[in-house]
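The two complexes that follow have subunit A in common; it is paired with subunit B in the first and with subunit C in the second.
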Partner chain A sequence: MYIRATGNISPQKTFGHQPLVDAVAYTGNRLACIEPDYKDFIDPKQIRRMSRIIRMGVAAAMECLQEAGVKVPDAIITGTAYGCLEDTNSFLSKMVEFNEELLTPTSFIQSTHNTIGAQIGLMLQCNNYNNAFVHRGFSFESALLDGIMLLKENDAANVLVGAIDEITNTSHTILNRLGLYKQGPVSNLDIYKTKTKGTIAGEGAAFFLVANEPSATDYAKLDGLHTFYKPEGIDEIEKQIASFLEKHLVSIADIDLIITGKNGDAGEDKIYEQLGQTVFNAKEVINYKHLCGEYPTAAAFAMWLAAVAIKSGELPAALNYTGSADKKINRILIYNHYQGIHHSLSLLSAC
Partner chain B sequence: MLNNNEPVFVAGTGIISAIGNNVAECLDALENGRAGMGQMRYLHSAHGNRLPVAEVKLSNDELAQLAGLPNIKSRTALLSLVAAKEALATADIENIKDLRTGFISATSVGGMDKTENFFTGFLSDNSKGKLRDVINHECGSVTELVADALGIKDYITTISTACSSSANAIFLGARLIRNNIVDVVVAGGTDSMARFTLNGFNTLMIVDEQFCQPFDENRRGLNLGEGAGYVVLVSDKVAATLKNKPTIILSGYCNANDAYHQTASSPDGIGSYLAMNGALKKAGLKPEDIDYINLHGTGTQNNDIAEGTAIKRLFDPHYPKMSSTKTFTGHTLGASGGIEAVFSVLALQHGIIFPNLRLQTPMVDLPFVPERELVKNVEVKHVLSNSFGFGGNCSSLIFSKLE
Partner chain C sequence: MSDLKTQIIAQLNLQDTKPEDIGDDQSLFVEGLGLDSIDALELIVLLQQQYKIKLSNAEDGPKVFKTVRTMAEYITAHQAQNA
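Let's turn to the complex of A and B:
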């Protein structure tokens, strides 16, 4: 199947399909999305009613559909680990503060995890398949697998798949207390050098239009997707990678570039470092979480990056890539894990 | 490789709800007209004296004991584990360790029941609130607590499409089998009572202060309930190896969207119509083949007229028997599709149609009336189960009995 179009709102200048020339630098452990002018994508009356994550999700979806030239997709599938946190927080806080009195429904209505997919469906007047996955570090991959199966089953010719997660002040405070993030001054551009505990918080809204049939403007072919849960150790991870490649009839030598999910947390990055000694030894490997931060659906950013790199034949300048994959990038393997629990592999190739 | 026509069998069922802690207890309550609503006992809410709810009649400690896991705290996870364990036990798959097994769970609240406690402390001081109360807030976290307890790891995911969540989980499970990703799937959903949802529905003014009366002209709204319901789905190949060869298949399914309003259904129920029609098409059945519709039937003004109008459009003049079992269990939100899938299987297994309790005045705008009394000893071959939710999410499942 083919990735026909993308739409990506992230802490980098990824929206608007312009080449990603410079990496935006941040100080501190929280990267926030660079939001576009929503007026070009959403009716201003509706913008006011939407919370930030809904705006980001809807705008990224609309940009993706516009690029694809698709008005109404055959399916809309979203993945989000945390859902609409701002609305959830708002309703929950008022409920506690006012002891369950004087509440209004708006934030409750918009707090459900399927709100973004529903809003997209509503704007497009799309009566087709609409689903929402909410499984932590598998949310995006689950949504994508659902889309892949719909295409295979011939129940859809094209599917809009997206991943959306936001950081709010509340969630950042709580996740910080849980010890997820680095303490003290840190620049996103230096996270792989720190060798300390913790990562930096990220967020994003990335959508893809995947289709059964090729078109003249496709980004890439999506050749395979595989997830695995709580592997017992590095041996099992290596086996999973090997059998994934075997299933798709490629060897590691056929891979031009590997994108891994290093996030700067010394403990969590160990897996990638071990693989660098074995399966990924002598391969060209790049990382991406210095650009978007760490969040459960960050693998969607990696897929966007891979799609863009394959379409243009080279990595965006913002990656400052100086490695030797300077021949045309034809095949990319993405390996990402979230907190060592949720592991995913994706294989993309040139059309 | 995909096998789009492979029959997917129901090998096991499990439930916990306000009318019973297992399938046998629920069936007994359904046959004897015992509804599960009552005054709030386990949830602590300011609306406790005003709004009746359909709670599972066990405290968290009692649930943990039943589930055999005292260290799990979220009620959503405890309910899930009890029902999923029963489903696996009834499936009795001897060589399950050698099979690829998945767990697809649905929920709308996740660990919200504990997050509410966390927020009481957190709001007064951001360094307060016990972190262990918020650590399982995410919906997927609840699924993982249960998957880990069940020892399932080959494919795990969570769906949250409001009140249609677990219908979507069940048919995703069937598709994972047909796509040769797993051999066995435990699929369904769970939701516990939470002040968050109770207050949310209360602000929408669709909660009934009396026991709900779905499909009644004078219906006033829904009663919230809680529980969990799961089916164990197996491939044709696995079904053939089981001691008790399963005879019920998930024959049809469809997910459509109403695309009308974030919370309200369209007057003509277009989403409901498309979901039911799509499920019939998938099953290769005609409307007159359906023997029983387990209605979404929440008891709100809006749902029942939209669903009824869609049924009229699709089924007129061949109306099957119908009922809303939410008259027993209340509306269990993300769990309802799972609980009602098990009820649909029971209707097929026992040849019975459950009553739509408390129906006094049939809706004047509809040409049909749901069953008011239990119907026994009827042939039930095909059952349609409806689950419609916020966000316009509409899903229908069809379960069929093989000859």
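Let's turn to the complex of A and C:
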């Protein structure tokens, strides 16, 4: 399965396929997406009904399709954990404000989790397979797995797969109150040094056009994807990693780079640190959540990063990577976990 | 009618549209302002929220929401009845 094109809106300057030269620094526990001028991608008449997350998702999808040169994909599959929070918040607030009467339809219509996939389908006049996965920390991986199955069963030749999640003022306040995020001034560029509880809130919209046939301009080959839920301990995680690599006939020595989902939370990062002593020992390991923040579909950002690194043969300059800089990156393993519950492994290699 | 146009723009989030861009007798739907059925529901809510007017007969919709002027006339007539 080949990653033919990408589209990514994130808290970094990732949209427009420009090289990621400098990491954008944020102070505080919330990273917000850098949004493009949507009028270049979406009809102004349609923009007016779209909330921020819908615009982000649709624009990232359009950029991905443009790069692939595909007008109508064989399938559209999205993954989101939170869904369209802004519209949901607006709809619920109006229910309270107007005593469950006089509800405007737009927020309700746009508040469902499949809104973005549906909007993309409507814009493209695409009546093909269209599905949305809402599987918390596995939402992106489930969407991708569905795409893989469609391609393997030859039900589709190309599939648009994406992950979208937003953080709103309300959700940030609630999640902050629950203790998910760091307190006090913190720079996203320093989160791994803090060794304190909590991470930084993030968001993003990343889309991929995946196909079962290679093309001359592919980013990377997706060799494998695996998810596991609530492992009992580090031993089980190590076994899952070993078994995943074995299944794909790869040893840890064959991996040029490991991308982990370290997020700066001292408790959650313990897993990565323990693996650094064992399975990942002496391997080149980088983290990415200082760039995009933590959110349930952040693994899509990691996949974008891996795809870009493999296509160019090197990591974006914004990562300040000083490892084996002279060695071309041909194979990357992504290991991510969300709150220690949802764990995923992805294996990408050069085409 | 200028106030009503401002309310319509706000309710429907008609970005880059100013009240003076909407003609008093310009058709609101299809070839005019290009509104659709979801907008019609939003306009019904606008009448209820702003003017406490409930569109009792759905068949009146096309006539009432034809233009800004027909909407204004409908509002004026109902406000006179309620006064």
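Quick notes on this structure:
Quick note on the criterion: the second predicted complex is superposed on the first by the 350 of 351 C-alpha atoms of A that agree within 3 Å, B and C clash if a C-alpha of one lies under 4 Å from a C-alpha of the other, contacts with A are read in each partner's own complex, and residues count from 1 in each chain.
Here, a contact is a pair of C-beta atoms (placed from the backbone, for glycine too) under 8 Å apart; a residue touches a chain by one contact, two chains touch by 3 or more.
All values reported here derive from a predicted model rather than from experimental measurement.
Partners subunit B and subunit C, brought together by superposition on subunit A, fit side by side with no clash. In the superposed model, the angle subtended at the C-alpha centre of subunit A by the C-alpha centres of subunit B and subunit C comes to 60 degrees, rounded to the nearest 10.
Set against each other, subunit B and subunit C differ in how many residues of subunit A they touch, and the higher count belongs to B.
By the document's definition of touching, of the two partners only subunit B reaches A:142; subunit C does not. In the superposition on chain A, A:48 makes contact with subunit C only, not with subunit B.
Look at A:121: by the touch rule set out above, it reaches subunit B but stays clear of subunit C.
In the superposition on chain A, contact of A:103 is made with both subunit B and subunit C. In the superposed pair of complexes, A:230 makes contact with subunit B only, with no contact to subunit C. Of all Cα pairs linking subunit B with subunit C in the superposition, the shortest spans 7 Å. Once the two complexes are overlaid on chain A, the subunit A residues touched by subunit B in the first and by subunit C in the second are 103-105, 109.
Listing the residues of subunit C that touch subunit A in their complex gives 11-16, 34, 38, 41-42, 45, 48-49.
Of all residues in subunit B, only 2, 4, 45-47, 108, 110, 115-116, 119-120, 122-123, 126-127, 131, 134-135, 138-141, 143-144, 147-148, 153-162, 168, 172, 175-176, 178-179, 181, 195-196, 199-200, 202-204, 255-263, 270-271, 274, 389-393 touch subunit A in the complex they form.
Contact residues of subunit A toward subunit C in the complex are 44-45, 47-49, 98, 102-106, 109. Interface residues of subunit A, counted against subunit B in their complex, comprise 76, 81-83, 88, 91-93, 95-97, 99-101, 103-105, 108-115, 117-119, 121-122, 124-136, 138-139, 142, 145-146, 149, 152-154, 170, 173-174, 177-178, 227, 229-230, 341.
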